[in-house]
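Naming follows writing order (A, B, C, D, E and F), and every chain is counted from residue 1.
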């Protein structure tokens, strides 16, 4: 579905003679709007949900990166702040290797944390934190990442959670 | 004709290719190798025949005119070198048909042999400086593979020295090729020659050429930069040493002859330096040999001293002297390779290559003795074998130009050569084997090698007895080198002869 | 003549099989060949005696003006007769003498080769052809002397003879070449005598030729090889070392006498050396107790006398020379053969054990008696006439002559005494004590001595025969002008006759008081000290010591020293070239402006390299190297060379990977510093010099404006001609594809060579799970798609390379990086399963594609590597693309091959 | 390739200087070490700065071909960095090994 | 920029030579690599750095001031060749270390100056390489 | 939107990229151990490169911009992977991280392991 979406976007961008990133992004948004409008008609609801979650995730993640980058910048530049690194482990919710890899890479990409190791049997990931004042703090950040990622990957999970809430 | 001009590279390449593809099938690789070498020899002979009819084969590869495209050009000298390369390759391939030993290593020998031959032939036929560098590298990597062949601590040690020193030399060559282009704006040898002969070469070009000659001198093992040769040649497997002894240093000599005759046809400063270098090379090499007590060490140092003769011819710069150098080149490749082959067979029969531990072959293997005597005497310049004519022409050329001391050195070197050869003869053949006759091993494992050494010995005799046509060829080749009008024409008028 | 020489050579080839077939009877067959030659020469006697010459020419090396030109004149004929005549007898004799030797065939062969060479030598008119035969006689002599090769003394003697005569031969070669140059011709008969005499080279020619002749003819101080050569079997001694080979030197002196003899120096030298040799030989001869050695030293004496006689250059002297030559050959040949017979029969040659053999060996004894008389110079033997003429010749010379005459008298007297020893001591008197029961020898063994001895007698008694038929013509060949030849036995009471009488008296005295004489001579210790083999041994020792010294200067076995020398030579060559060019070389450059990335790249490259130079940890080294390469890539990029920069990056990456895998099994480098301060300083100095040299050379060269318009041509023709927008790539796969072809062969061979060197043992060692360092789940998960991406990118790079940065090299390297990642993470097995074809096959296929791309042009009637294009569906396909695919495959396959070997864990 | 960069005349020099300083600082770390991984970190940082520099170069020269180099660099730099991993060794093991080799050296002299 | 290239190449060459002259083969091999880089730079400099853009053309346009493409092609060739040779040098280093146990050059070379061992010419002893045979055989089966 | 904003955005991105590169470099120099430095390198450094590439994408158009984005994504994929690989290898090689008050959770396990299987390789996952 995503493929069709992109294909459409590229095609429209090309049609509009704007085959560059901005053009494609614009076309992508355009297609999204069209799909959104016709969601009932052509039953693209679940796809759009995922797309929205994904975009949301990316946006959130980008913001996290910038935020944390500034943190790191502070540590690096400030002469007085001495970092307090730590190595901690935490058990992942989803032990599948693919998911763990994605989480590992993403948490490595966010400043402040870095995946050191992962044991697929126990589902434990060792993490190096650049400036950890408490284990909980680090864990909370990662849990959030994990949650958002899993939500994106399994929208039905989210639906179930909502259902729980309703219940 | 177009195919024939590239055949000297093409045939070994195809052979190499088939060898790589057939790698797991050891016997087939050997057959292919033999066929490839034989074909190369035939092509070489055909090229010589053409050259002898005063045809200079010149091809612009890819059809791109000189100096933009690469020129392949085969004149008398190149043709002769290709033919000799084929013959030595064939001899080595024959010798390499042995069955004893690790089959994988034997198979690899045949594969690398053709890699080496491709490089050597490429170097002989190219008319482009950078392309020459490339083919030098091909033969270099081929030689790296070959010298290490069979492994073992000792061989590896020699390989290390060989590799490191040759890498340095090759880098110098690369730099000088760059400098040639930088200072003359061309890589085409013919054009380079024209620029120099017209007196339009800037001093920087001279520097570049000098640097290039130094790198060739290292390859050719001239004084004082020959140290790598006797430090490594004696560790390789016999046919490998033989190939190296016969061909490799001669590629350096060939390149020196080619470049020097192109850019400096008249006797000058550079020649004077070369003359001194040649004499020192002859003397130091032959003295070094006299101090050795192992067959291949003696022979290795003799390579050095003999190269001195060829450079002497080049340095004298007269047509006769150049002819002498060319004749020497042809003669020496055959003779020196053969001596290494025979040394290997003798070592195998006696169980050692230390002179002290050898002996008894005169009685047990008189044919081997005769086969050794031929190249050994030829090397020492004993008539009527090939080496005599080579030496005679050089001595005559030196004396004719008044360089009596150079002639003296050449002759003195000759007597020392005779000393070394008779030392090997006495110790290996005449003397009884220290462990008694029973220690001498005679089987038919080496029967193919016998074909090789017999053939090469026959060539030595033929070149000697039939020196007339060969000398005529060499003189005509020197004429082409001294006055390379045809060479220039072939390059400046692509497609023409 | 040619036939005679070739027939003998042919007989030599036939000898071994014949000897195998017929044993010693083969000698009769083989002797027939020289005998026929002899007969032919005899038949030429009338022709030559008429003053004509017979010539025969076979072209040899026309390009150098050298032919096998034979010319039979009086001198040649004389020698030819001796060689073939005595030769035939010797062959017969040898068959009997060595009848039980299992290498008789080989012996015949050597003997006949020698005979052929000797015959050629005396017949050759061509200087060089003569020299060829000259050297052949040395070689044959070597083989004959060392015939009993199991004996160390034989080997030593053979070597000694070879080196001395061979060394002389080389001097002779130089002399002959100079003679040819000065005399404007390569024929003895055509040499321009006046030109030679006028030439500045005259002295040089003379010295060189004399060295050659003196070594061959055993003149002092080169005489020592001759007695040692007596280790050869007796037939050899009889033939080579008495009758023929040693006479080669004398022959050449005689042959050149007309050319060189015009100057006084020639005569003086010949007489001085000849006289000394004669005296030394005679004195040494009388000391000997071994019959054969005794004869050997008398031969030295005679050779000296012959030399001296040529030096006289007088009518009588030259006649004496010819006579004496003939006489000596006859009687010495006879004596040697007879001594051999005695040795063969009695088992000893010691004078003290011999005696009274005449009764047992009457025929041999008779021959010896006749020969000894001739040797002693008693009338009416031929030897007498010879001696007589010799005295006459010397006396003709005046004062010098008289002085030399005294030498002659003494030596002749000693010879006479020696002859007495041989005959009287051996055959007369009481029976000796023999190791074996003596008996008369077989026909072939006594026939030779007998015939020769009788000939000596007959020629003396009927001396007008040789005078008319032989001597006259020979003397004319030797003399510079015409000489009136007249032999006589009785010429009245002449000074010569008186001298002869004194000689005989002195000789008898010497014989009578031989013990006292010997004792007296033995006291001259100094004399023995300088004349013996000691000098030879010492000389050789010194030579070998010097050789060892030279060798050790280069054979130190230290890589560093080799490199130091190489580096210094390179630097100094550059510096000298720069110094010759002067400072002007460095000024007036047209430099492109600096740009910042280049500067940064430069700094990084240098910094990284310097770090590598001083750090000792493996990782630090590799990291520094990596940084350096990165800097270089930046520089390349700044120089607008994106393809080069990319290649550099790829190569640097692979360098780091390979280095890391090779170095992991190695410890940190223990010590970076050199041992001492001086060593360190030298190390730095050499490096700095080398760096300066490279920089200097580049500065100079970059200082000249770039000549030519090649670069422009490539840009202009890239699209129209090469159908590609990436000029660099078009050069690589089309304009200069031959370079690239060679290059991929290097890459292919490098992989195969590494594999061959490292063997396959370690290949299997690699774990199925890949390298432990890459065992991370995260890596395993992420690398698969990443590697896929890399392979994809590599294919794109390959495809677009003709127009944009990329191409076969870069593509192949990127693909290799992708696969190396797989190898590291999942191990070799998975990687190979993924690749489904072994790297070597890829390499082969790659070279195949490249070659095929070249051949297609050839098949189409174009040149090799001609680019041919066609556009199916608008796609630009062409042989250069195929070529690039070949490059891709080769590079990729070879990198994989290397990786598999280099990454293997140490055993 | 057309580049539209506002204030390019000062932005680019500033960034060039920034990258140059970054490079130099990283090289200092590369030299200092002290452990192997430290140097590898430096190499990693250096390649990333290199990617930035190449991109900047593309901007300066206006040549898209530079960007190709950046792509390749970013892809293969990974291998260039991780390949060092086999060279990491436990410090104790390192020390012992060095001692052994130095001992051998001395024994050999 | 030419002089910068010349000086850089010279500096690299000097450092390369310094490493080549080291007693340890590891550093010698690194020296080969660095020296190779130096020379490559030198060859590139031989074409001068006059051009203001990379040498890329299209069907219709030819850059006005392109860099000299010829030495670039040459250097590219040289880089790859140099890498092949370097890889072999590494193989030498590896096998020297494995068979000699040391990488000190003088100690490695001293063995070549020893008298030749009694040889069983053909002389190609079967060493660890025999696995290669199996390897090939296995590949034939595949 | 296309006309005037993008060049400014591009400048901003490029400047930010340069700044982050510098930041990463300083971090690599200043931070206490290799793990911390890796943070600086792989995050600040990667961010720097990514921002410069993004700036390039913004400044250019068409294929160039697309390629810049491709390069950007390549950096995003490989940078964390490299950081992980290197730090993990360092960890396996027993390079001790400098840790604050929270410490290293593996320390205790390590000690136990070492006692249990002395001389063997560290545990692998």
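What we mean here is this: a contact is a pair of C-beta atoms (placed from the backbone, for glycine too) under 8 Å apart; a residue touches a chain by one contact, two chains touch by 3 or more.
By chain, with names taken from UniProt: A, F = Cation:proton antiporter; B = Na+/H+ antiporter subunit D; D = PH regulation protein F; E = Na+/H+ antiporter subunit C.
Note that the coordinates shown come from a computational prediction; the quantities given were computed from them, not determined experimentally.
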Distance in touch steps, counted as few as possible, from subunit A (Cation:proton antiporter) out to subunit D (PH regulation protein F): 2
Joint neighbours of subunit C and subunit A (Cation:proton antiporter), given as chain labels: F
Label of the chain whose CA centroid is most distant from the centroid of subunit A (Cation:proton antiporter): C
Chain pair, D-E or B-C, that carries the greater number of C-beta contacts: B-C
Geometric centre distance via CA averages, subunit B (Na+/H+ antiporter subunit D)-subunit A (Cation:proton antiporter), whole Å: 68
Centre-of-Cα separation between subunit F (Cation:proton antiporter) and subunit D (PH regulation protein F), whole angstrom: 12
Geometric centre distance via CA averages, subunit F (Cation:proton antiporter)-subunit E (Na+/H+ antiporter subunit C), whole Å: 32
Intercentroid distance (Cα basis), subunit D (PH regulation protein F) paired with subunit C, Å: 59
Where subunit F (Cation:proton antiporter) touches two or more other chains at once, by residue number: 6, 26, 38, 40, 42, 46, 61, 74, 77-79, 81, 83-85, 87-89, 92, 125
Residues of subunit C touching at least two other chains: 555, 557, 559, 563, 567, 618, 638, 640, 642, 663, 670-671, 694, 698, 701-703, 706, 710, 714, 736, 739, 743, 746, 749-750, 753, 756-757, 759-760, 773-774, 776-779, 782, 786, 789, 804
Two or more partner chains touched - positions in subunit B (Na+/H+ antiporter subunit D): 23, 104-105, 130, 134, 137, 141, 144-145, 148-149, 151, 159-161, 164, 168, 172, 175, 179, 182, 231
Chain pairs that touch, as defined at the top of this document: A-C, A-F, B-C, B-E, C-D, C-E, C-F, D-E, D-F
For the subunit E (Na+/H+ antiporter subunit C) and subunit B (Na+/H+ antiporter subunit D) complex, residues of the former touching the latter: 20, 25, 28, 32, 35-36, 39-40, 42-48, 70-71, 74, 77-78, 81-82, 84-85, 88-89, 92, 95-96, 99-100, 105, 108-130, 132-133, 136-137, 139-140
Subunit B (Na+/H+ antiporter subunit D) - residues contacting subunit E (Na+/H+ antiporter subunit C), complex: 23-25, 98, 100-106, 130, 133-134, 137, 140-141, 144-145, 148-154, 156-161, 163-164, 167-168, 170-172, 174-175, 177-179, 181-182, 231-232, 234-235, 237-238, 293-294, 296-297, 344-345, 347-348, 351-354, 357, 445
Complex interface listing, subunit C residues touching subunit B (Na+/H+ antiporter subunit D): 59-64, 106, 128, 131-132, 135-136, 138-139, 142, 146, 149-150, 152, 155, 158-159, 162-163, 166-167, 170-171, 173-174, 177-178, 180-181, 204, 543-544, 546-548, 550-552, 554-555, 557, 559, 561-563, 565-567, 569-570, 573-574, 577-578, 580-581, 585, 694, 697-698, 700-704, 706-710, 713-714, 717, 721, 734-739, 741-743, 745-746, 748-750, 752-753, 756-757, 759-760, 840-841, 843-844, 847-848, 851, 854, 857-858, 862-867
Subunit C-touching residues of subunit E (Na+/H+ antiporter subunit C), taken from the complex the two chains share: 1-24, 26-28, 30, 33-34, 37-42, 44-59, 62-63, 66-70, 72-77, 79-88, 90-95, 97-98, 103, 105-106, 108-110, 112-113, 127-136, 139
Subunit B (Na+/H+ antiporter subunit D) residues touching subunit C - in the complex, by the definition given at the top: 2-3, 5-6, 10, 13-14, 16-17, 20-21, 23, 59-64, 67-70, 72, 104-105, 108, 111-112, 115, 118-119, 122, 126, 128, 130-131, 134-135, 137-138, 141-142, 144-145, 148-149, 151, 159-161, 164-165, 168-169, 172, 175, 179, 182-186, 202-204, 206-208, 210-211, 214, 218, 224-228, 230-231, 284, 287-292, 301, 362-363, 366, 377, 380-384, 388-389, 392-393, 395-396, 399-400, 404, 407-408, 411-412, 414-415, 418-419, 422-423, 426, 429-432, 467-468, 471-472, 475
